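Heads up, the next two complexes both have chain A, just with different partners, chain B and then chain C.
Right, the complex of A and B next:
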């Protein structure tokens, strides 16, 4: 918890610097323009000129998410202001990622704005498929003085810089991993508090599993998202030193210990068939009160308190991800709007991104419409936000901010944004399934994952 | 008269036209014009076939000699080590496992689909309004979109929402879902695939049965043959070629099984249900290794061509199908 206190006053720039990402370059290019504009030297032309993009049709690609529905509701105001017409092309998450991967690789111009999916950020940005924002940010004619890029919490932005410290995206959504007990009453009845360590988590699961017909724990099958925080909690890593050294270290003693621990949760304390659970299935189990504890991003846990389908609104409790022997490393991700390198309407695209990720827009989407997974600090610290996220007496906003800051400050999510992450992530999925389904012990399975990961990463031309 | 018949007739047999003309040493003008006309008619189809099938296959073959990775466009025309992909696949244990899984899945599903298709076709081979209605209802799984079939089975196999598991719970049975059980996951795919495709074999066999001459059966009945003897000695020999053709179709199609695996198991748990085309999909679209997946695809294509040729030879009794 100390770490959250020390980091709480840091800006995105400051905290990302401590993660070795950038400092002077960004301060120079990102803040100079806005400072000039703030001093009244020049009004931002983009926003000053009404209907500057008259006749322009902007095409935006993203995966389906409630935030885009909110944005679409607000679009008339933006279209009226700029004169441009905005069209969204929304697809299911896996379909979007595969299609956009192909689209970007051909430098296509079908889309002017696209979502940069967190786990693809390293791949899409390092391949030069996205447009850097630095020129936009340093130009007061193109960037409004009050845009304030430093308002984005560091953990939401670190993935969108390349090795030249160029920024390629602004987050529209942030995910911070925490733990929720849908039936805290079962723990409470036995005088058990929310677990704060992985050792305690096992004890809680042992004591509460199948009490009142409720499974103690539930996860979904995206082990490449769920497992790494456990791995790091036991002192392990996915890669030796990402992004510089991409040698996987999935067969280290720490990784084997973490895999044993995690697979034990799946095998012994989850509902039957959990290995096939999608994220929605896992959430439905919690909403119905059939499964108790789950560790996932806040967006997947808030419905327990907010959804009309929830049968556990009164019994839900939240906590930070339990710490392992080597610390707590809750996962954090963010999805950002970016401009494909092939876009032929980059100025219009930047105008849209600036508007969609402005403080004013987030005030509407987060505080009025309910999209609480927001990346801007000023919104998270707004009293209205805090009120919305005070659930059963708990301040969830503080936990959310803590996780976003922690991952940005410590930089431990770097493993997930390297270009060869999909190859390693898939091996983690397979390895965990082999262990939890009893096909192999943890040591054998993780050694196999290590060998397969090396082979697949080599195919990408990476020298290991 | 078809072009094939004309072509066959044109072969230099003793009594063929070509044979006569060959003896004379010349082809008459009419024969030349006729051949030219046939080629003229075939040309548009051959051109379309070339563009639609041959060119992509050729591109696939060329790409298989490169390490093409979409994240690195420069690899598209890198022929510095053209056999690297083919060397890699020789030592790729996961690919070998996927071929073995594919073989098991194809063999078992084709045999089961033939058996169920044959059995139900024999039972339904009676012309009554009830049987006609039943015949139509049996076709439903085959005409459903494959993704819908996969979702139906996903629901059936998911204990938290499955009516079957609700019943098991009422009965007090603790049964694990097969799709997350390493020993049963492939069987779960086999069951779903058989349910989806046995109507296809049933339909082909029913069509053959409708064409079956009644004389032999009537003669056998007069001679006192039992129902079993009629089936074993008359119906099944008559259906032999039909079963081979239906089996060939299903075998080739079984190698394309994808939606069931994608929705039900994602190739898992681990890799126990990962078939070759699913592995190709992962290499192509999860990792963007287009060069390597092209090489694997070429090998799979070659295996299917050889297998089809062997089966066609077997069906046609080694006569190459032209007699």
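Right, the complex of A and C next:
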């Protein structure tokens, strides 16, 4: 909780520069901003000219998400302003990723704007399938003076830079991992506070499991998302030094210790059948008050306090991801709008992205419509946002900002955006299932995962 | 005494056989039953375990489907499956008859060539189709899907119907020729009416292939020509899976094929065994 204040007064520039992640870009943007300021803060030509894109039809592809529903509601004002017509092609998450991967890999021009899925960002960007934004950002005729890229919290943007530090996307949604107890009253009765370390988490689970018929813990089967924070908490890593060195290190002593710990949670403190749980199943268990603690991104935990289906609105409490012996590494992800390299209407596409990720638009989507997983600092720090995310007296907005900043500052999410992440992630899923189901001990299972991951990564053409 | 022992043993064997059939049927049908039951459950009861065993059935999952784009995807499935099946039968049946009756040196090679489209996994064809369709503007069109399904179904029609024609006696055709009927008239008036069961079986298999296809529909469509199996996957959203709708959509996808198969089961059984015994 205290760490939520760490760096909260820093700007994204400070954070990013201190991390040395994208210094040149930040300076370039800052220079461009200064130049625009010197020009009298004039609106860029591209947006100042009304209906400049008359007759243009912009095609946008993304996965189905409430944010796009909000954007579609707001579209008439954008279409009126620019004269362009916008068509959305929204598909389910797995369908979208499969189709867009094929579309981009064949250099298609069917779409002018697309969502860059966080876990695909390394693959799509490093292959040159997306358009860099640097030329747009440095051109005052194309970028509004008040767009302010520094306002995006650093953790939401790091995945969208290539190795030349060129930016390829602006986040429209951000995820920050935290912990929620749906039945904090059970802990409270025993005088137990929310756990702050993994050791405490085990103790809390021991003390509360199956009390009042409630499982102490629940998790979904996406272990490649859930497990790495534990792995890093014990000092382990997925890859040796991503993105430079992609040798997996899944069989390190730290990784085996982390896998033992995590599988123990699954085997001993979760509801029966947890190994097949989807995130929706895990959430419904919490909503109904049948399972207590869960660690996941904020968007998946907020329904406990906000959904009409929730039976635990009064008893839900939040906390940061508990720290392991080597620290706390809550996962963070963000999905961004980008421009496919094959697009033939890049100026129009950039105009849309600027509008859709502008502060004004986020004010509407986050503060008025309720899309709280927002990437802009100015919105997260807005008193109205803080009010919306004060739940049972807890300041969830501060936790959210803390996680987004921490991952940007420390860069520990780099494992998730390398092109061969899906191969390693799949092996993690299988390894954890083998351990938790008792098919293999942690050492054997993680060694198998290591060998299988190396084989698959080599098949993908990566030299290890 | 010996007779009654034999009868008792026969009854016991029949009982054991029937029990095995019933158990196997339950094991096979249980997932479907679970799926259908889930489609009538309120969202809260879907994962309620034992607590969700007794629930108040609701049609909410079905009614909410029709407010989405599921209806148009069902229509796309129906049109692409029906048209491709009809076209495959129209083109493939005469082709199968010709292959059965013709005496050619390369007949075996030609038959194998026709089967080539079924020899590779669909993924091997997906990217070539995708690129050609994008060039020709056939992506996300019903016509595009019909062409793909037709290509794959033709091989099925030719091979199934050819086997059937091989097993039918030629005497009737020869009699028709003696009476002055042309080859085409013989085919239409004598051969086709005898082929009812085989045609129904082949049609059902073709329709099933097209109706259940996921991969090509996933790769070659977007929103306009999306078929029902892909639309069901669209309920697996980033923000959570809509299990009730997935179950309701899956149940609705099963209904037409199940109904058609039940209506035609007499022909289906006859068609399955047709050509099994030559002469």
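In this text, the second predicted complex is superposed on the first by the 436 of 464 C-alpha atoms of A that agree within 3 Å, B and C clash if a C-alpha of one lies under 4 Å from a C-alpha of the other, contacts with A are read in each partner's own complex, and residues count from 1 in each chain.
Rule of thumb we're sticking to: a residue touches a chain if its C-beta (ideal position, glycine included) is under 8 Å from a C-beta of that chain, and two chains touch if they have at least 3 such contacts.
These numbers come from a predicted model, not from an experiment.
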Check: If chain A is used to align the two complexes, do chain B and chain C fit next to each other or clash?
Finding: clash
Checklist line | Residue contacts on chain A - larger count, chain B or chain C | finding: B
Next item on the list: Would you sort A:285 into first (chain B), second (chain C), both or neither based on which partner it touches?
Entry: both
Next item on the list: For A:108, select first, second, both or neither according to whether it touches chain B, chain C, the two together, or no partner.
Entry: second
Next item on the list: Mind working out whether A:309 is in touch with chain B, chain C, both or neither, as first, second, both or neither?
Entry: second
Next item on the list: Look at A:212 in the shared chain and tell me whether it touches chain B only, chain C only, both, or neither; answer first, second, both or neither.
Entry: neither
Margin query: Taking the superposition on A as described, I'd like to know which of chain B and chain C A:190 touches: first, second, both or neither.
Written below: neither
Margin query: According to the stated criteria, A:275 is in contact with first (chain B), second (chain C), both, or neither; which is it?
Written below: first
Margin query: Quick check for you: in the superposed arrangement, does A:98 touch first (chain B), second (chain C), both or neither?
Written below: both
Note to self: If we overlay the two complexes on their shared chain A, which of chain B and chain C does A:63 touch? Say first, second, both or neither.
What the structure shows: second
Next item on the list: Once the structures are superposed on A, label A:426 by its partner contacts, choosing first (chain B), second (chain C), both or neither.
Entry: first
Note to self: If I apply the document's touch criterion, which positions on chain A are contacted by chain B in one structure and by chain C in the other?
What the structure shows: 98, 102, 281, 284-285
Note to self: Touching residues of chain A toward chain B in the complex: what are they?
What the structure shows: 98, 101-102, 105, 123, 127, 221, 271-276, 281, 284-285, 290, 419, 422-423, 426, 429-430, 433-434, 436-440, 445, 452, 455-456, 459-461
Item checked: chain A - residues contacting chain C, complex -> 63-66, 89, 91-95, 98-99, 102, 106, 108, 110, 278-281, 283-285, 288, 299-300, 309
Next item on the list: In the complex, go through chain C and note every residue touching chain A.
Entry: 43-44, 46-48, 127, 130-131, 134, 139, 218-219, 222-223, 230, 233-241, 243
Checklist line | Footprint of chain A on chain B - complex, ascending | finding: 67, 69-73, 75, 88, 92, 94, 154, 157-160, 176-177, 179-182, 264-266, 268-272, 282, 285-289, 292
